[in-house]
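Structures follow.
Consider the two complexes below, in which subunit A is the common component and subunit B and subunit C are the respective partners.
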Partner chain A sequence: MITIGIDSGSLATKGVVLGDDKKILGSAIDLTGGRSRKSGERVYHQVLDRAGLSEQDVAFVVTTGYGRDNLPFSGKNVTEITCHAAGVHFLFPDVATILDIGGQDSKVIRIGNGGRVENFIMNDKCAAGTGRFLEVIAKALEVRLEDLGAISQQTDKNVEISSMCTVFAETEVVSLVAEDTPVPEIVRGVHNVIVERGEILLGKIGLVEPVAMSGGVALNIGVVKALEKRLGLELRIAENPQLTGALGAAVIARNLMEKR
Partner chain B sequence: MLSDKEKLLKKLMAKKGFGLPGGTAQPAKSKRSVQLENFMRVVGNTGRAVDFSLPEHSAASTVERTIANAGGFQDAYLDDSRVMFVGNVACSEIVAALDFVPFNGQVLSYFLAAAGAAGAFLDIAEKNHLSRDICPVVRCVLGAAVENCLPTPDFITFAYFPCDSGARMFYALADAYDCPWFLLDMPERRGNAAAQYLAQRMKEMVARVENALGIEAVPDRIAAAVEASKETMRYYEKLISLSLAHQVCPSVHKFTTDTTTHLSRMGSPGATQGVRLCYEELLDSVETAGQIRAKERPRVIWDGLMPFYNNEIIRYMEEGCGLEVMSNLLPAMTQNIGGLLAEKDPYMYMARRQLHFAGIDDTKFDVLEPYGIDGIIRFNQWGCRRHLSVNQIIRDRLTQSGMVMLDIDGDFIDSRGYSFSQVKIRIDAFAEMLKNRSEV
Partner chain C sequence: MDTLNTQLRTRITEITDIHHNRFEILKALDRPKIGWVSIYTPEEILYAAGLIPYRIFGETCTKTTKASAYMHRNICPYVLSCLEEVLAGKHDFADGAVIANVCDARRRLFDVWKYFRSNDFVHMLDLPKEIDATTKAYFITEMQHLMAVLEERFDVKITDQALRHAVSVYNQSRELMQRLYDLRNDIHPPIAGEDYMFMVKAAMTGPREIFNEKMTQLVEDLPRHGREQPVATPRIMICGSYFDHPHIIRVIEEMGGMVACEDTSNGVKYFEGTVDEDKEPLAALADYYLDKATCAALFDSGKRFDHMMALIRQYKVDAVIYVSLKFCDNNLIDFHYQQKRLAEKKIPVLFLETERMASNMGQIRTRIQAFLEAVMLW
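What follows is the complex of A and B.
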């Protein structure tokens, strides 16, 4: 049985094809841009191509993410919280807590039996502590978003970023650059803001080990290391952490078909 | 010492012809009729100051009718009314016994938001340097005061409960209107000692009013107000038993606005009438349904106020997500009403009644089981320290009993602080979680 999960996120759209033996047959990631429906359709066809399949081969599609209601091929839409829990449980069945930091929000999910969501909490309205925050800062520092992790590893010093607001933090970073503060130190300071926010969120709902991290920010080695140090534990991270939601959607699609 | 904000408010009010007999527009008119006209003008009407509750005005706009019906607001604009500005903690039996018309700016701002008219006052407040991060109730009421739209008060009573921003607002108003006031020190806890303390403060309040206005609180009037208040509580008692027995509750939106209005008028027959109506409506719906409903869907408590300008979130939770939503005000009332009604001493009764509706933060836990509640949705006003400070305490207590909570941040008066897409994902995920939990 072939199922597909599509995660139409605020920054990127992700897709996963799950095959008969629960193997991932194909995946794709593309920028969402201004039209989530278009990028959703694009990613849907990309994953089918990559898996060498056609639409007729697909038993069921579950969609998730901010644009999940808007995709014509969707059999059911499920929130990304439920999907992340299912995706992480599929990869790491013993994980009890997930910290997911995505493009525009961050969340902590506690999972119970069978990957069921036991409890969750999301960040407040502010974008500080999310992928968008890193994106804004990378732009201000004139470095690539994907290089931030490596840059932060070039030093063990860091400056303190005091602003809690993304816009103010950007101004603060610009002033630090003007004062010739080394970029790696600034990047570490910025990562610490994310780490602090993540730690607070985990504290609100209660951290139970093992803990996994998902979402695009889990690709940033600087954030991951700083978090592990602060929490005193090792985070479980998937090879493609930004695909966890889409994978969870495909898993849920499969479970639904099996129940029928 | 006046704060800068208070001085500013006073200056602005003076500019608008505030307090001048007859106002600036029509010298022949009485002060309060001009204020009502100002009010209607700001909310976009022609300035007609008529009794919109009369049948010949049935074509009046929603705003006009809302103002007329919102807890008797229009009575406060009559020249011979004795007006007391009150907060949600109002000592309303004393207000009634002393023949005051209560004017609750907090409730007024809810009604204005519901009628889509709060924006005009929020704009005025903002143009007068009350920034958007100040509580919208405060902005709405002070915006109305700056435009001379509130009826001149004869007395002001307020408390630091639920918060100090409200109290600051009343201080500013007392100063701007040069009006006598009383700060009621309201304990945050229930219990006998708290009631005794509060009863003593209530006696001081009465003495202060008598002294300031040269009137006398006749014991018979107090006794009559207490009796009227007990009658209202009897209807609340009936409402709760009906609600518990049939596992139904009134519509959250309406029940919240109704209850906050009634609470400002306890001690007057109007409050009894209102609660009786609530009870009869529920009775009707129970009789129509015919039998006790089995719980078919996850049931949640809506905790806190809600965006009054639209009912989108609660409607979506009920119709889009298949949840049953009940008001957090019901739990507040399930507390031992019988014991309260048995209280013989009038001041102890008033104090205990007042405390009955405070401390709601604790009482919600008592109804989780009888109502088969699966979770709590807490709506927090942006930046409100009171709301945010108790959030985690409630979450922790709920978690201990295996219950879940979703908190939503938003604005209950200012629609600019609201975006449905921001909350939709949280509600969807919460509903999914509750359904999955109940499946196991």
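What follows is the complex of A and C.
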């Protein structure tokens, strides 16, 4: 049986095709841009192409993410919280806590039996501690978002960024640039802001090990290392952490079909 | 069935319109009007003085630019929007307000209102927080003081007979609302969750006689509609502070669930119980208002929990969504206590902290949907 999960996120749209024997037959990631419906359809056809399949081969499609209820091919829409839990559980069945930091949200999910969501918490309507925050800062520092991780490893000194608000933190970063603070130190300071936010969310739900990290920010080695150091543990991270939500959606699609 | 449904729809709209058209309706009445902001205000006394009591909802002011100049932004958004309406002159048709001393935010509303609109009649009614025989006696003196103030201000005499009549009129509304909610529980009539909320608000808006008359017709008509909708699950109880977000109710319904009851001031809390008509009126009012001390601003959180559990049993509730307005210290503290106790009883709880108007609906929607997905166990 073939199922598809599409995760229409605030920054990127992700797709996964899941086949028999729990095999991932194809995946794709593309920028969401201004029209989530269009990018959703594009990614849907991309994953089909990559898996060498046509629409008729697909048993069921589950969509998730911010644009989840705006996609015509969706069989059912499920929140990214439930999907991340299912995706992480699929990859790491023993994981008890997920820290997911995406483009617009950061959240902590506690997983119970069978990948079920036991409890969860999301950040408030504020971009601090999210991928969007890193994007704003990368722009202010004139570096590429995907280079932030490597840049932060060029030093072990950090500067303190005291502001938790994205807008104020950007101002703070601009002042640091004006003072000629080395960019790697600023980047480390910025990563620590993300780590603090994650730590607060974990503290609110209660951290139970093992802990997995998902979402696009898990691609940033600087944030991952800083988090591991602060929490004193090793994070489980999927080979492609951006795909966890879409994978979870495909897993849920499969579970739903098996129940029918 | 279609004609029945149309008839029912008309009956409901007639009631909810009392709320939606409240300003025009109130303005057209020639009796003096008195606003209130807490369900611990004994409306019976105001009614007995020949006044029309009505709740100030602050619903028309989505932006609080005027009020924010007088109060800090980290104050109760309900109070802030009420003050905005007052400063915008929306309540100029009224003859004053009675503010019960429930919480700090309402006291600040009293302070600012009194100070910046000194010609308005604004009375503070003290409300005890620990409830026992001594504080009940004190509350009776507070009510007597309110009566004396009203008698002088409006040149009336509040007779024992008028008080007893007021009690029976208000009891009638309470009994009607209880019957409506019992029907909601048993036959699940085709009424949207937000309609219940607006019907409770209509009860608060006055004129009371019209509300009672229309609600009597509705609860008599309803049983004929039987079980017209499949019973929706999960059944959700909304708990918390001031709550009037129709969007949140709609999201729950779109997900296939339903709001079974609201443990909030614009819900069950307003109309539960009745005032003992055989007792001396003031003593009976003190008993009624102080014994239903289940607001988070009042001290006994154990009593509040027992009350929640009673509602959970009565309305066959599967899960609780606890909604607190931002900066409501009373509810923000209360939640942690209630969450622990509810978890011991294995009742799932979702916590939402919202502004007056649910501006971040995208996130709220995701939270509610994820919560219901977890409750539905799949």
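In this section, the second predicted complex is superposed on the first by the 260 of 260 C-alpha atoms of A that agree within 3 Å, B and C clash if a C-alpha of one lies under 4 Å from a C-alpha of the other, contacts with A are read in each partner's own complex, and residues count from 1 in each chain.
As a working rule, contacts are C-beta pairs under 8 Å (C-beta built on N, C-alpha and C of every residue); 3 or more make two chains touch, one makes a residue touch a chain.
The structure presented is a predicted model; accordingly, all values stated were derived computationally and were not measured.
For the composite obtained by superposing both complexes on subunit A, the positions of subunit B and subunit C are in clash.
Contact with both subunit B and subunit C is seen for A:V78 once the two complexes are overlaid on the shared chain. Shared-chain residue A:I186: touches no atom of subunit B or subunit C.
In the superposition on chain A, contact of A:M122 is made with both subunit B and subunit C.
Legend: residue contacts after superposition of the two complexes on their common chain; A:N255 is shown touching subunit C, with no touch to subunit B.
Judged by the touch definition given at the top, the superposed model places A:V43 against neither subunit B nor subunit C. Once the two complexes are laid over each other on the shared chain, residue contacts for A:G206 go to subunit B alone; subunit C is not touched.
Shared-chain residue A:N113: touches subunit B; no touch with subunit C. When the two complexes are laid over each other on chain A, subunit A has residues 66, 78-82, 116-118, 120, 122, 124-125 in contact with both subunit B and subunit C.
Put simply, subunit A touches subunit C in their complex at residues 66, 78-82, 105, 116-118, 120, 122, 124-125, 255-256, 259. Across the complex, subunit A meets subunit B through its residues 66, 78-82, 113, 116-122, 124-125, 204-206.
Contact residues on subunit B toward subunit A in their complex (touch as defined above): 392, 395, 399, 404, 407, 409, 421-422, 425-426, 428-429, 432-433, 436-437, 440. Against subunit A, in their complex, subunit C makes its touches with residues 353, 359-360, 362-363, 366-367, 369-370, 373-374, 377-378.
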